[in-house]
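Structures incoming, each one as structure tokens.
The same chain A turns up in both complexes below, where it pairs with chain B and then with chain C.
For the complex of A and B:
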């Protein structure tokens, strides 16, 4: 926990080159793992990743140096990140499968960031994120199919509906804690899925079909995206849309984390009684965490519904909530970057392990356990807040 | 001068156990009240009832002219009562600085919408908090300021007690409830603690302090108002010399005298 490193603060040039190089390496790695197919190649890349995290665990100054570099040249770091995200589909080209994986990973990153407010910041084990996700998807899909409401309008409506749901599940949950709280949220998640399955107006087990593709300035998201003469498959539309949502989620998470609200959540995570004694309205802040989680999850749900144009209750099962929770735990509780890495890793990995056929899930489990053994606190654990530009 | 805190006929039962039995006490603005009594006498329960952790079975608590009996903790803190815990309850995985900033929760206002849409306002508020917190950490004995980026859980025992007090002061209280602040301190540290409280009172003449203490050297330093509680009931009250001389107090601490039987 102690910051043992006494490495000199990086100069501007060193910091900028580090920020650019490290992000390029990260992007190249993501590209490689998405591209390769053979079992051995995937294994090799995983071993490389494991080695990277092993070094990070043994040499904590690497993380300190990285953070200092990014803090030194935030603009360079952000521009690099933006360029990488924008350029990535051009390298992927016409491979729609890779684009699909990226979109799903982005949506899961948003869901994991949403859950992180509860699980990571406030230690509320909410197993109903999948349900909020589903409510967002269904509300927007129903509005679009039945009333022809545009995608852009369904976004806020679905988010508000899911937030309301967050309040509804948050309030009774306040009477319980820890394990019992987890049980209440599991029940809520299952109830929502069963309701979606049994109502006739939600299409029952058949779900909703034919959700129209959104359009922006006359450009339909079902059409290929043409930029500077480059033609990208229609999935690229949703790739950029989801990327924008990830940015929204990151900004939301960053601002809340850095404010009095993030501190209050952290306080009730550490010691609820002490938090009360500091004047924190514990019940309200817990409900708030539920609401923020549901709000962001509904955004992800809406994009998902319009992307696949067909949703059914099976998309929003208890297992989805568990997956999101695993992403937060593996990635690193209360660490925005870690949670995103966790979401990408856990989305892409099962797909890449198809070479192992019947042993795929077994192997997936082994890899996850392996990463947790290398980095018990998550791939990128929570860091102390720093104030006033101090190192 | 009217009392800042007034506790009237407070009774707290947990099932068959009577933790507090018809306890009344009051403390004036700027005064120090020491509450003594053997372990399990009900002293911490008294704090818990005053700060809204428990709702009393019967009785009234009045603070600064308003009744606060059974009001939720966040309201009580907002009105100006801050406390420390007997077994220090710090936010151990957060830094020393963050612990103090969290203590300012009731004095800050940023809500979700402000944090999201007016980040500069939120940042300004946080920067002001950091500045105030650093001042608070520099004030007391010890070197908490130098350790401000350490996780609170890794502090030494005496520093933990000091941090609890700094965190409580962060809410700018009118009344400070200290639950055995000298636990785990050696003689030098205890002396520094007494000096800290004396300095605090000199700087804030309006601040009232209720002190639960076992260490008679601390009580001796604030001898004017002492209350002794045993088995949930108040058995003596007065200045330190009078309370110490009271036969029932001696009995409570030392056991019944043989001759008495």
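For the complex of A and C:
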């Protein structure tokens, strides 16, 4: 106990150096895993990662110490994180494939954070996040192609359309639960995907092509980004844009978690009847969770559509929703950091497994099942709420 | 018009029986383990591949024509799929019976991916669709100018026989009694000396065997099979089980008939309905669950403090 107490309160210098060092190590690891190509190197890095999580599992004080350090010097931690995120493309250089992976990982991080409001905070299953993502992408793409609306204007419109969809899915959630609710959301997801696949004005199975690149202050996102004489490939534009969206999602998630809404969701998760007895409007908060999820997912969808400039119904299938769910569960439900790690891991892993060519999906499935069996709480389990004061 | 009606009626019954058989597996497993075995559809769709592979292996080994060996391959494949189900339960699914429901759902979805990929890799040219013959061909008899195929007859007879057998098994045999006891309350069943591991094994074997038969009929009905047919078969079977009410056998059959009904109706009476059939099916699923949140024949569980 003695040791735990002393570790829980690191000094400022120790905390700051820990916060900086741990983030640098994390970034270096991400860089390495993005850079390596051979199958064995990937496996080696994965083994290293596994060792890290094993240590975390055996020595829980590491996590406590990390949390305490970050809480002690939040500003240092945030500045470090910002510097790492901003500087990362410079290290990657002209490798557009890595940048592409990072963008996709960031978008999935947003989607996973969006789903986390439901699955993590309130324990409401939702297999329709992929559909909200698709609605966001299609609404903004259609507006841009047919009416020449600018990217920045389509963002809120797409988010609004998806939120409306979120409310619509939320309605059956008032009555159904668990598996039945899961099926309702699956059904919504399939219906949306099938409609996108069949309507002629959505391009049918061929999708929509030629979505124009957005521009900001006269700088087109299709052009390379030049900063202080450094020339970054055009993907860097979208990298920073998605990073900004991730920040928005994190702030939203953090604020909601700390608000009465987050508390109400947690109460729903703990015991619905008890929550109702406490005067929490269960139906409203459930619907709200769906709406918030759809709202954020639409943002990610819009950026995705403008980034790849080509979308088809295949990008928004049932399996996409399952992947997002897996990210939340593998990362750790209701843990913002864990969810982001889960999203990055599950985006990058299948790509890196390309070394195993045709077997990567197989491998992916096995890895997910393994994760769920060995660490059912997720990589970073949710932590107890702290209501201020010293622990 | 009458001809069309009879023809569609036959289609409906055939498809409905196949979906009902798939749904029974979902319902049975859910009833006993309280786990959604989402890869059940994929397990079922391994049956046509095992059958085809076996028939071809026999044909090359013995030098006779392939269809002749189909008869031999079918029962072997059905039994093999039953064992695959037991194996999956032992290795993966059983570990999730006490986990949160969503975890089991995601794990079995991942399991479905693994099964599909295994089919794709292990079967020669597994990525391509493979023609699957009608298990029985020819026309049996005629009703108002519409020829009823032996195949449709086989599907109906097989389904009725399986359902009756399952009913008798669950109601009148000691093992059936144990399965019902375990599905009622696993902990109490254990205290009464019922070995739940055996119950799980039996449940998965039965569910997978029925699923395998459904898979064979499905491939035979479509005339073709592909490694990823399991997704849709699973989704439709699951939907049928859920709208009927999970854990209820009559519900599973009713659900299968309803899902097939809307599919056939959409294909027949809605212009361009074939491409929109899934939209209709899943809109119906949503509608049913809005009005009957526990399925049509499901028990509404009153939650008490």
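By definition in this document, the second predicted complex is superposed on the first by the 374 of 391 C-alpha atoms of A that agree within 3 Å, B and C clash if a C-alpha of one lies under 4 Å from a C-alpha of the other, contacts with A are read in each partner's own complex, and residues count from 1 in each chain.
Note that contacts are C-beta pairs under 8 Å (C-beta built on N, C-alpha and C of every residue); 3 or more make two chains touch, one makes a residue touch a chain.
Small disclaimer: the values here were computed from a predicted structure and weren't measured.
On the superposed chain A, the positions of chain B and chain C stay apart, so the two partners fit side by side.
Once the two complexes are laid over each other on the shared chain, residue contacts for A:260 go to chain B alone; chain C is not touched. Once chain A of one complex is fitted onto chain A of the other, the partner contacts of A:125 are limited to chain C, with no touch recorded for chain B.
Applying the stated contact rule after C-alpha superposition, one finds that A:223 touches neither chain B nor chain C. Of the two partner chains, both chain B and chain C are touched by A:273. By the touch criterion defined above, A:314 reaches neither chain B nor chain C.
Chain B and chain C, viewed from the C-alpha centre of chain A in the overlaid structures, lie at an angle of 80 degrees when rounded to the nearest 10. In the superposition on chain A, A:252 contacts chain B only, with no contact to chain C.
Put simply, the nearest alpha carbons of chain B and chain C end up 6 Å apart when the two models share chain A.
The contact surfaces that chain B and chain C form on chain A in the two complexes overlap at residues 273-274, 277.
On the chain B side of its complex with chain A, the touching residues are 51, 53, 72-74, 76-78, 82-83, 85, 89-95, 97-98, 101-103, 105-106, 108, 110-112, 114-116, 119, 122-123, 125-127, 129-130, 149-151, 154, 167, 171. Chain C contributes residues 30, 36, 92, 95-96, 99-103, 105-107, 109-114, 117-118, 121, 231, 235, 238-239, 242, 246, 272, 275-276, 278-279, 282-283, 285-286, 289-290, 293-295, 303, 305 to its touches with chain A in the complex. Against chain C, the residues of chain A that register as touching in their complex are 119, 123, 125, 171-172, 175-180, 182-184, 186-188, 190-191, 194-195, 197-198, 272-274, 277, 318, 322, 325-326, 329, 358-359, 361-362, 364-366, 368-369, 372-373, 376. Across the interface of their complex, chain B is touched by residues 1-3, 252, 255-256, 258-261, 263-264, 266-267, 269-271, 273-282, 288, 292, 382, 384-388, 390 of chain A.
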